[in-house]
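As structure tokens, the structure follows; a few thoughts come after it.
Lettered A, B, C, D and E in written order, each chain numbered from 1.
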Amino acid sequence: MDYPYYPGCTLKTTGKKDEEAALEVAKLLGFELKELPTWTCCGVVYNLTSDVMADHLSATRTLIRAQEMGRELKTNKLVTLCSMCYNVLKQVNLMYKNNPDKLKNINLFLDTEEDYLGDIEIMHFLEVLYNDIGPEKIKEKVKTSLKNLKVDPYYGCMLLRPKTIAFDDQDSPHIMGDILSALGATVIENPMTVECCGAHQIITNKGAVLDCVERIVSISQKKGADVIVTPCPLCQYNLTTAQKTLFEKGKINRKTPVIYLSELMKISLTESGQDYLKDYNFIKDKLDERGGL
Amino acid sequence: MENYEPKIIAFLCKWCTYAGADLAGVSRLKFSPNAIPIRVMCSGRVDPSFILDAFSKGADGVLVGGCHPGDCHYAQGNYKTLRRVKLLKALIKEMGLEEERLRLEWISASEGNKFKEVVNDMTIKLKELGPSPLKKEE
Amino acid sequence: MVFTVSEKGLELRKTVEEISGENIFKCYQCGKCSATCPVVDSMDMAPNKVIRLVQTGDVEVLNQNTFWVCAACFTCSARCPRSVDIAKIMEGLRNVKLRNKQDFINIYSKEFIEKLIEEIPQMAIVSAIKKGVW
Amino acid sequence: MTKANIAFYWASSCGGCEIAVLDINEKILDVIEKANILMWPVAMDTKYEDLKKMKDKSIDVCFFNGAIRTSENEELAKILREKSKILVAFGSCAHEGCIPALANLFNKKLIFDRAYKETETTMNNEDTLPQTSFMTKEGEVHIPEFYDTVKTLDQVVDVDYYLPGCPPTPNIVEDAFNKFLSGDLPPKGTVMAPVKALCDECPRKKKDKMIDTIYRVYEKEADPEKCFLDQGIICMGPATRSGCGHQCIKGNMPCTGCFGKTPEVTDQGAKMISALASVLAVEKELELDEKKVEDLISKIKDPVGTFYRYSLASSFIKRKVIK
Amino acid sequence: MDSNSSSPRVGVFVCHCGSNIAGTVDVEKVAQEISKMEGVAYAGTYIYMCSDPGQKLMRETIEKEKLDRVVVAACSPTLHEKTFQINSKNAGLNPYQCEIANIREHCSWVHEDNKKATEKAIKITKSIVEKVKEDKSLTDIEVPITKKAIVIGGGVSGIQAALDIANGGYKTYLIEKDSSIGGKMAKLSETFPTLDCSQCILTPKMVEASNHPNIELMTYSEVESVSGYVGNFKVKIKKKPTSVNWDLCTGCGDCYNKCPAKVPSEFQEGLSKRAAIYIPFPQAVPNKPVIDRENCLYYQKGICKICEKVCKIGAIDFDMKEDIVEIDTGAIVVATGYREYPLENLTEYGGGKYPNVISGLKFERLLSASGPTGGQIIRPSDGKSVKDIVFVQCAGSRDIEEHKPYCSKICCMYTAKHAMLFKHKVHDGNAYVFYIDVRTAGKDYEEFYYRTTEEDHALYTRGKVSKIFEDGEKVVVWGVDTLTGKKVEIKADLAVLAMAIEPSVGIKELQQKLKISIDENGFLKEAHPKLRPVESMTSGIFFAGAAQGPKDIPESVSQAGAAASKVLSMFSSNMLHKEPLICEIDEDVCSGCGVCIALCPYKALEAEITTKEGKEVKRSKLNEALCQGCGTCSSACPSGAATMRNDETKNMFKMIEVILE
């Protein structure tokens, strides 16, 4: 089954690696993510006020696009890769589900578009992997076992909060860990896995991000993680850049690489996983040092 | 039709729904005054004749309130009510009366708020439906 | 320091409640939001105190940086035992300022444009702007 | 001894009630011995004009069968009421509406459309429908009006006694004649049949009512010894007045309710609905969820036709709402 | 005066209830409208109808106006129906010809529009006037009482209730699902605010109960089904198979000392192990072992039987079957207690995940001198001593979002006790208590709390803990001090969560068997929250202890005494008076169709065949003692033979008519 897919701005720019890997992983697992032919910004951060509608317009347009494509692909699902897009689209969608009046209003407003019917289901790529494919199936497809790699799955905030959009336990999520275990990796449990990385504060309040990242990384390192795995481009960025500063300031004594889940999956599911590994020396080194793949 | 106020007869079981309505009162919840309560010992005491009689005399809606399944003070009275109401709904539908005019709700003694919600909701729905076509003037 | 209830303060409370759609009186000041906030250290005032000031109708609350620092990560909302959506209240406070044309971020600063725009993920830039500029 | 004057009238009915008078066989001779028959549509030609000329209350007993379906029925009911000392609703149609009243599930328009336009054998290109008046060479002709709603006799005039049944059984008719002719009259309003329900005279063996599912008559061959309801076949007996001699039951068919409700009851169908629904899978009621209950209930086809076959016109709701 | 005469003289008394009714409903108008009704001989209002002058006014009016029936338009009948019925009885009327029109709870309190509320009040009152006009004069039915009681639950409340009833001279069965009585209290170390040893005060009571000539202990037993009614319940008790013949067993202990299967001990909250054949704790009453078949090697794998070999008297009986016994009883006391809200539900605190995050009850076992550590406070993870300890209050309580909305009431006090006892044992230790409010409303409770802070220097921090996680061998607690506004982080050896408490497992099933109500939180619902706090809505069933709501020991014991006194006062007369508002079968109408027999939940109806004038007559016969008056039969009776006394169908039609006119 193929899914309509919404990339969002970051995955086309700084988060390109995630998209590339994810599209490939999808193919390896026997399905395709079909990018919506046209799409607009999701809105980035869901507007929490109760009296503003305009902020939800662009997300609504995306939902209408998904509705159109869904008819073709015979599905009501829309897959996102970016945590932020997932969060915003799903919250907007839920708002309509819980509040038919708002749906009516926005449809009146978007009078040049077809009506949004309110039954699109927003899914994160992780949900597709876990619910529609399943760790068992993934395990069968593993070509390069990550059995010597200690990974720390980090969720961040946007996938699990607020509760209404969470697809995993809010305090001790397991989906990413289960998938990583299926790839053969040793999964460590970091209690900071759902604590925020500081998000957009990286622009206005870098100090806050440093505090957040220090908390996350220091436990991760204490537990001996080789790599931190995340599905979110912003988390990936924050965790990586903040570690640089923290390392310079001597707050941490090493830097843990932070990569996307999709990248790690690509390595593991491809016959030629070793080839990709050349771009990921830190992993290669670890694996080599512990007796190869 | 603007000022149409639906008339609802509410048969309330003494142990659950009547007590739930009492709780709504004690909690000073405010709701629409369209439902006039009649206290019965058990929702099982609600004879389909009462319901049809009420409709024939011009009631716009009839609400039957009983204990949740398993909670009936008389063990199983509400199970009978459920069956009767289901069959009655089939009947009134065949007679061209909107099914929504007859409503069965399980409301416990602790669900004052639910009682309020049900009465309000029923009033709104009946307003949408308009007056009962069985009103006496025919 | 004496605090008296003012018209302005009550109005502020009403506005915040309206914008956020939250009942501010549900809060019983347990402080779990502050205990859980990842960026509380950068705040002038802990979130629970901000809620308290809104409850009492103290306009002083608008001079704190707390609601600007808030990263909208929803951890407070998720853990609040009284189901107060604190993130919405923060958004409410931000909007009180923004709707009076009081921005927090100067997007026109050269530093902002040049230094950051190359490498920082777009989503961070847009969210920062959305949270801080009307 | 002067003979009593009696009359029969045939309103909206199948005519079976007229024949039912003759079901008393040779006893009719006893009747004729004691009474003059002034009017009897099935047997005599009496003109309405002659009837109108009669003095008020000159008929001692008038047996009126048939429901009120047309303006003619109503007019005659009123005339006969004036002319009669005792007006008897004879048979289920006059008593409760009976089969003609099932037309209350439709209205005049629907019935005319079906009868004069839509039936497969009808050719009616001009869509001609019955009119209450039209011109002929001889002048204007008036035809009674067809009503939307079928009524019972007592819904248009005051009725003194009722003879139930579709049609009333000979024992009931004979008993009634005897009472009227001897002057041994029960209180006004009496339905001249026993007060108990049919189960009282039904000889079938009854066990606890544990009906797991409902069968329609053709779906199951009924055990002639056992109560129909116990076998899952809907029998109106519990809610129907006895006195008919349980003829249907003897023929291994369940009671369909033609004798109407019992005296303590207002609406026969409502009562039977309640009784049947209450004992439906009563043993398993704790296990069945709402969906299963609905499935069970949905086995009962056509509730109106089942529970109100004879009594729709006299029921609480009386007719279908047609918008 | 024949009160069943055909022309009734109804008096209608409309109550203002201060401004409770009169503030919204135009009571004068109600009286005025009602006075126009046929059969109404008097209609008037008074400010407080239930007050002494109000009742006097009612009696005087009844006499003056020669009334034979009365309607009081006032509050809910649940509140004052009895009051007014007794008052009319005192004025010479039949109490069943006095009816209440509820124009307060169902009208003035819930509507804002005065005009509409007044209209509704008029309709409600009119319908009740129609009802009272048809009400017959009735006398109560007398039913004999079985003077035996059943107490369900063998914790401190159940034990106390059983002892009180037994001491009153009546046979009492004490039913307990575990093999020993004692309940939660047996697990506690010391008790607040006096710090007596819990077992020292409880065990004598347990022994007293087991030796009492009027008490029959039925442990390892559960209620299977309940039928009957007040004064005459039939309760089936399932005696679970203990696999040990208790009549033979001497309690020597050889069996459990030798048993090779080891599982976590429930009594010790998993801090130590027990054998598969076991007594839950050394002071158990009765002190006889049972085999836990789930974990016994013989039952699971068919091998072992060591206990059988070592038992010198041959008390082991592997073939023992469960047994059902039926007990006739007049009253039932439900004392099924509480359980701790599962630790696993608090994922943000790592509940169930981290060994050093434990519940209050587990900490009791760590504190207890008879506990697995002999009262030494250690970290369950590694057995090392504890220096820094954090107590988290309201763990799952007062949380409408995820957990329990209510205050669990006992935790403030036991946390103070925990902190105090910890400091008594670990003098150089640090005890931190995170709280939202400290609630100490009990005798000597506030003083006890002061001792914890002033003398024992437990540091109380006002703020709720947001997260607990493991970091190395420590547990890190994130909290806040709302008084300073600072975030607090404590690295502790042990975190003790004062868990919310909830009703015992199985309360829902028991509630359904007993046909009593539970509230939205699952606790037993009392007949009246203030005036009938120990009675259920079903007469003859009473409550004791935490099954009704969170309670500490003194409260549980007082409630047990109260429930027992209710039972004893019921047993003090030989006959129960039962309301006569039950079914009646008109034999001249009944055709014996059998519909009512199949549906009566009380089996109060049976088929009867008699012969009358040579003809077989079939009909339903009513057992008045069994009928509870639900009216289901009357609604179903297809011939109208089954009627309800003072609630007849034709009467209902009149009520409907006046409401809709």
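One rule holds for everything that comes next: contacts are C-beta pairs under 8 Å (C-beta built on N, C-alpha and C of every residue); 3 or more make two chains touch, one makes a residue touch a chain.
All values derive from a computational prediction rather than experimental measurement.
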Give me the chains shared as neighbours by chain C and chain E.
-> A
Measuring centre to centre, with centres taken as mean CA positions, what chain is farthest from chain B?
-> A
Give the chain pair, either A-E or B-E, that is connected by more C-beta contacts.
-> B-E
Which chain has its C-alpha centre closest to the mean of all protein C-alpha atoms shown?
-> B
Can you give the whole-Å distance between the Cα centres of chain A and chain E?
-> 49
Just how far, in Å, is the C-alpha centre of chain D from the one of chain B?
-> 33
Rounded Å distance between chain A and chain D, as computed from the means of their C-alpha atoms = 75
CA centroid of chain D to CA centroid of chain E, Å | 56
Shared interface positions of chain E, touching two or more other chains = 348, 467, 599, 632, 635-636, 649, 653
Got the chain C residues that touch at least 2 other chains?
-> 41
Please set out, as single numbers or ranges, the residues of chain A touching at least two other chains.
-> 170
When you check every pair of chains, which ones turn out to touch?
-> A-C, A-E, B-D, B-E, C-E, D-E
In the complex, go through chain E and note every residue touching chain D.
-> 586, 588-595, 597-599, 607, 617-618, 632, 635-641, 643, 649-650, 653
Would you pull the chain C residues touching chain E in the complex into a rising list?
-> 28-37, 40-41, 45-46, 48-49, 79-83
Can you name the residues of chain B that touch chain E in the complex?
-> 7, 9, 15-16, 18-19, 21-22, 24-26, 28-31, 33, 36-42, 44-50, 53-54, 57-59, 70-77, 80, 84, 108-111, 116
Chain B to chain D touching residues, read off their complex | 47-49, 51-53, 55-56, 70, 76, 79-80, 82-84, 86-88, 90-92, 94-97, 133-134
Okay, in this complex, where on chain A does chain E touch?
-> 169-172, 191-192, 219, 222
